[in-house]
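Note that the chains are named A, B, C and D in the order they appear, and that numbering of residues resets to 1 at the start of each chain.
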Amino acid sequence: MDKTKLIIDCDAGIDDAQAIMLALARPDAEVLAITCVSGNTEVDHVCRNVLRILTICDHIEIPVYRGCTKALVDHGKHAKFYHGLDGLCDLKGLPEVDMNLIQTEHASCAMNRIVGENQGKITLICIGPLTNVAVALRLNPDFGKQLKKCVIMGGNTEGQGNIEDGSAAEFNFHFDPEAAYMVLHELSCPITTFSWEAVLQNQYPWDWLKRILNIKTSKAIFHSTILRTSLDKHNEWQFPGYSFCDPTVVAIALKETIVTKSRDVFATVELQGRLSRGQMVSDSRNLQKTPPNVKQALEIDRDLMMEMFSSVFEERSDSK
Amino acid sequence: MDKTKLIIDCDAGIDDAQAIMLALARPDAEVLAITCVSGNTEVDHVCRNVLRILTICDHIEIPVYRGCTKALVDHGKHAKFYHGLDGLCDLKGLPEVDMNLIQTEHASCAMNRIVGENQGKITLICIGPLTNVAVALRLNPDFGKQLKKCVIMGGNTEGQGNIEDGSAAEFNFHFDPEAAYMVLHELSCPITTFSWEAVLQNQYPWDWLKRILNIKTSKAIFHSTILRTSLDKHNEWQFPGYSFCDPTVVAIALKETIVTKSRDVFATVELQGRLSRGQMVSDSRNLQKTPPNVKQALEIDRDLMMEMFSSVFEERSDSK
Amino acid sequence: MDKTKLIIDCDAGIDDAQAIMLALARPDAEVLAITCVSGNTEVDHVCRNVLRILTICDHIEIPVYRGCTKALVDHGKHAKFYHGLDGLCDLKGLPEVDMNLIQTEHASCAMNRIVGENQGKITLICIGPLTNVAVALRLNPDFGKQLKKCVIMGGNTEGQGNIEDGSAAEFNFHFDPEAAYMVLHELSCPITTFSWEAVLQNQYPWDWLKRILNIKTSKAIFHSTILRTSLDKHNEWQFPGYSFCDPTVVAIALKETIVTKSRDVFATVELQGRLSRGQMVSDSRNLQKTPPNVKQALEIDRDLMMEMFSSVFEERSDSK
Amino acid sequence: MDKTKLIIDCDAGIDDAQAIMLALARPDAEVLAITCVSGNTEVDHVCRNVLRILTICDHIEIPVYRGCTKALVDHGKHAKFYHGLDGLCDLKGLPEVDMNLIQTEHASCAMNRIVGENQGKITLICIGPLTNVAVALRLNPDFGKQLKKCVIMGGNTEGQGNIEDGSAAEFNFHFDPEAAYMVLHELSCPITTFSWEAVLQNQYPWDWLKRILNIKTSKAIFHSTILRTSLDKHNEWQFPGYSFCDPTVVAIALKETIVTKSRDVFATVELQGRLSRGQMVSDSRNLQKTPPNVKQALEIDRDLMMEMFSSVFEERSDSK
């Protein structure tokens, strides 16, 4: 089988952990590198968390790269209200890791090198702020042209925010609006986004999640441990189901047919707003007659998604 | 029967004409004043158009007031691509009117006076940019508290724009964002908005509209005349049905039950964006814990709306 | 002697008090009205302070009008760090006044009426935020054309701010940037501004001020009383001399020759900045080839200014 | 003699050419690298121009690095009205150069490597937009701490713009405001800026320039050739003297005493303005109590500057 070659750019982060676990469990995927960026937590925490995930998943051989420590325009706001100080809820008992395993090459340089070595073959999965990708683009204007495609967790389709201060933007785009703008305008390869509204509109039964939380494999125990605190937030928000951000993006990257409804549209990013800074703005009626630059996934085949994610925690799920 | 006392603040405009015709035809409504504001076209055209409508509807006794000639922050952009230079498609054969019938009192002053004389009894219908209302508020901070309620055509629920340049805002709010901001933050009376997205999601069968366009009363002929050009635009946009803006707001003002789905929310207006300037931003998950300041109408009882609007063009519809 | 007919629009405020005292003391000036606006303090405090000043100066016959309670875009930030909660340093022993003396007509309406009754003869002195003038313009687009001229305390020539938060704008313009924008773009009559930088560059000897503070007429005692607290601020700021804002504007209105250096320039107001919102931006090299809309006073004949101001506190200075 | 080790980051550009020629002629300077960035013209033109200058100055051994092709937020506006399409006035007869001489390493990577190899010893001269430096900072947060100092052509002290559209910002900062913001906030080493206002206030006698233009060495002929067109612009602008941007920055980097007046201040960059986007905003009265992050050069020892610059064109000026 031809495996899909992946670079995963993440800010792990609880749902980044889920996404990476999914990717590693898939026999149809080959993870060439995991690159880390500041977002849910500081980049050093992200690096540590990725090493922990790789340890749990027995894939410590995958190279991990430290990327940007800040958004292009720094603001110092992480998502600690949800992911904890360290990005994985500040739990005790998570695996100890050797930070010397982090590569010395910068994430943006590594992206460029690996993509250059595998022209047209890499699927870039972006599940954090897009700072590393933006820097890769400034290092190499052709970076995007050398990708096969890019799947992004982020942005909006309906101006609905998920930032605590009530703004109209999604976290990853809001964290680094300039980077998101650069990626949408310049990446040039096929881009699929999974927006915050799509997250809200594709929720999963609590019962299904509970079954996963009760599995007792080591990966499942790690997963239920890091999920625990964040589930309280879901309770507080009174979501009707469990909302899945980053893992859905991995699923889209591996199986395009999991997207059952989408639209091709020209989209950009508001950089100047007070409430809408970082909002993805789509010309959904094509009033400007600009060719589409992005496919926005709207509906997901949830049965397939549940099947894919459940299989991560079965005994034989490992692709190694 | 107790009639609902109305002030209609408009920028007529084709759909303003429809809205005024609807209000004048209703036996349950009493139109105390029509105030004019710059928007779809310059305020002098708006005044002339209102007089034409009143002439056609045989209600020339209703006082008409000229209001603001510009948005607070002037930009000179009208909606002439849709409503024509004069706001009613630059047609020949529309009634001649005597501009001396326009009152000398400024619209914002008149609003304040009439509302002061009818404390707690006036429903303010806003179907143009909110400049006149904003100025009324600066003339009298208690203006809103003296209203019974206010129903507004305008704003967004999903960041979907209807401005030709692809921005993320609705025309009335985009035309004068500062005024919209002032109204949402300061009016204090119950406010219902009918957003652009609600317009899109509550469209009407073309067949139904065609039946109305074929009625041969004088009002119906006027109506079909002024509608003709704009229908070409609807064709170009490939809307699945006919979309009704301003008349729906009159219907909501008179019959609250016509709104079959709504949400109460704290909403404000983006003033600083490049693409989203004028966008209504709603804290739909109440992340900021601010009490709602607006009811956003989402779904309309379309059968009732069609019945109300059709009856305008029957012979005995006039409430006079 | 032909007296210059003045309307003084103020947010008194300590230096507004100085300005009004100067105007009232001048035999060449006739103050037709004092209009009040929110700025240094809330408009009700401003009204009370103006009545106090008129009482002290024995001119309680001059009509005082309450204007806007808020900037167009409300923010609730007054200049209480300098002027105290009540705008005159919260002192005891200031004259009691009868608030029923405040006219019922709104300041913006009164401006329009008085200017209409004295076409081409009124000099409008603006020593507070420009909200009242902006509303007057929306009530009557010809308001400015009916003025003789307008002299404004406000704006920048060098991007130098005087707001505590370090922004690049002058207080009056920063308090209501939209109003300042409207006035510069639409007033159409000759406008002279006295900017914050001009204040800084035209300071006065401390010794001269001390002599005035030691005069023992009732006006002088009132003046030294209300000045006392603010002088501590000047100390803290280590200004080389005493800086005079509002009274200079009155002097310019009455004697144009007091301006010894100025420039005619096209200037507008930044509305969108985070740090520079409210900054007056001048096209000083005329790169846009737009005709000047404002004369910016740069240098003042300080000897003349000192002479004019000193004479306020001499026994026979009253013009009554 | 201990030579000052320089990296020159430029967007050559006419005055960049002057600056590089000055640096190369100085016996007290060692140019380790010239890095190129998009600004006055596209980065490929900049690279070619730098090779031409090195050829003329007989220093083709100095490595030249191509950097960013666009500002972080791309806008595509170069300064071709002044520098011509190719950055050197589109002249015929300039030296042919071999573009293969451009290094393959990216400018931002090269900056980081060279600075890492010469910790604490490099003076970074920035005479173009700051995109390359910003990217270097995102590749290595400690980049600035490893510099000796940084001297920048750019920014404002008085809100005076030099962009054709009348905005309030200086070209280099306006071209990439986010990069300028990152540099001022994060570079951490001693920074000196030479602002546009300082350029205007430190002009040079036309007679002195004419003498240089009449020298007949090969460097002088190249210099007078590339200057010719731009001098017409100076005529059009009616500047009282010749204004020197980039070469002054080289002079400051080599001889700090050439700055005869300066101020240490906390400065940042307006990112959100419509007219003032890119304006350097200084808290000149330290109202925010933030420690200074920049020394703003205000006055230059012009005699010394003229002496330094004249010597470039004498026969024995070359430091090689």
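By definition in this document, a residue touches a chain if its C-beta (ideal position, glycine included) is under 8 Å from a C-beta of that chain, and two chains touch if they have at least 3 such contacts.
Since the structure is predicted, the reported quantities are computational estimates derived from the model, not experimental observations.
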Higher-contact pair (C-beta pairs counted), A-B versus B-C: A-B
Rounded Å distance, chain A centre to chain C centre (Cα mean): 56
Distance between chain centroids, defined by C-alpha means - chain B, chain C (Å): 40
Averaged-CA centre spacing for the pair chain B and chain A, given as whole angstrom: 43
Multi-chain contact residues (two or more partners), chain B: 271-272
Topology of the chain contact graph, where touching chains are joined (line, ring, star, complete, other): ring
Interfacial residue positions of chain B with respect to chain A in the complex: 156-161, 163-168, 237, 266, 268, 270-277, 279, 281, 283-285, 287-288, 290
For the chain A and chain D complex, residues of the former touching the latter: 68-70, 72-74, 106, 108-109, 131, 134-135, 138-141, 178, 181-182, 185-186, 271-272
